[in-house]
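The structure follows.
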Amino acid sequence: MDVDKEYFSNITQRERAIFEGAISMGALFHQFVGTPVNKHTKESLEKAMEESLSLQPAIEKVEVEIRFDKLEKSMTEFDYTSLTGDMLDVRIHTRVSDVLAIIRIEFIEELNYPLMYVEDIED
Amino acid sequence: MDVDKEYFSNITQRERAIFEGAISMGALFHQFVGTPVNKHTKESLEKAMEESLSLQPAIEKVEVEIRFDKLEKSMTEFDYTSLTGDMLDVRIHTRVSDVLAIIRIEFIEELNYPLMYVEDIED
Amino acid sequence: MDVDKEYFSNITQRERAIFEGAISMGALFHQFVGTPVNKHTKESLEKAMEESLSLQPAIEKVEVEIRFDKLEKSMTEFDYTSLTGDMLDVRIHTRVSDVLAIIRIEFIEELNYPLMYVEDIED
Amino acid sequence: MDVDKEYFSNITQRERAIFEGAISMGALFHQFVGTPVNKHTKESLEKAMEESLSLQPAIEKVEVEIRFDKLEKSMTEFDYTSLTGDMLDVRIHTRVSDVLAIIRIEFIEELNYPLMYVEDIED
């Protein structure tokens, strides 16, 4: 089966790049939020997030930074906390043919919300 | 803050509709896969999936069908199973101004894969 | 196969009741934390959590209360937020033969931690 | 606050070891099931699972093996799949004072179910 022809001929390559990156950003957030984490384990968690999401269609690279300031601010009596959306600073690089899109999540204080948006798109 | 102007002026309304719907589809999959389910609880799970994802930006309606055939096929000795991607048949209706996009997930046997795609887009 | 004899003869019925309830409490937290929620959808989410976790072995009843005060406190510009552990007030009733155990999670301010413990056990 | 005295004086140390290990096993399953994985990323995912769950109370060590046979069997056209319960072979070592409990999950074909049980307990 030609998946692109069968299922994606109704959208442009630019739209496809946005589509695939957005799926992976929604996936990353809702898969990993809740995971126990502290400063000693943040690196292995970042790596697993990066590698696992890179497997999805059209994803070229994933860069995850768990914000240390937010991590420390929510620390508990038991020396770890649960990963929350406000700790996430992530860029997902998506490529479809010549189109490269970078999907970003970052916490916007003014909105009290971890906003996902298209940080950059080139075609 | 004018969020649209600040963060979304680099993409079209059509692209925004695709973007928001794709995020919510990735979210739905990775939030709920793994949930214990059987034929007696599928309805309440479908409703919670529909209502919770409808809260996200630009989402107008979410229609979730947990496929009974796939559910029964994976049934265990304990009379329930875990929700998997192949059981999901979902449509997410997204609206940005005059653009309506329907994002779909359905299991494609030939690919052995629960495919997400843009089922319909009108502008 | 006699599952109880094969896999659970090394623990008492009291221990088994604690074991099964604890599994389901860990499951509930990590399955649902991150779900979009607001005051309009909290009821359907509570019901799905209660029904789905009730399917697991030895679980007799699950009572979920998403704390409205914590929910409102974390509200965002977009009129919803993500479910977090501090919003959870849950009791899982577990029965193994004559032993009834109630496993509880509630947020303890002094620890800044959603503590899981055995609230009551009768045998 | 003396947490042990306040919240755990109604159960024995043996029961507490079972309790804490069971929570972490339920947590591990429901946090990570659904994660994209293939043979190239299974190692980083295993490591993140081990390190993150080791943070929880009383957990001494976590050993995760994602079963390669099950992983390959569910492989898709896109060269990755979603982590499912039947791929999990995990031991969680829990210690409370002198009691060491090993909680195990492994897929039991006869039950078509990933069973969690107390593999070993010493006191």
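For clarity, chains are labelled A, B, C and D in written order, and residue numbers in each chain start from 1.
The criterion applied here is as follows: a contact is a pair of C-beta atoms (placed from the backbone, for glycine too) under 8 Å apart; a residue touches a chain by one contact, two chains touch by 3 or more.
Because the structure is a prediction, the values reported are computed rather than measured.
Most remote from chain A, judged by the distance between CA-atom centroids, is C. Judged by contacting C-beta pairs, the busier of the interfaces B-D and B-C is B-C. The centroid of the Cα atoms in chain B and the matching centroid in chain C are 25 Å apart. Work out the mean CA point of chain B and of chain D, and you get 28 Å between them. Of all residues in chain B, those touching 2 or more other chains are 3, 27, 29-31, 34-35, 77-78, 110-111, listed in ascending order.
Taken together, the chain A residues at the contact with chain C in this complex read 29-30, 33-35, 74-78, 82, 84-85, 110-113.
Contact residues of chain B toward chain A in the complex are 1, 3, 7-8, 10-11, 14-15, 18-31, 108, 110-111, 115-118, 120-121. On chain B, the positions that touch chain C within their shared complex are 3, 27, 31-32, 34-38, 40-41, 44-45, 47-49, 51-57, 77-80.
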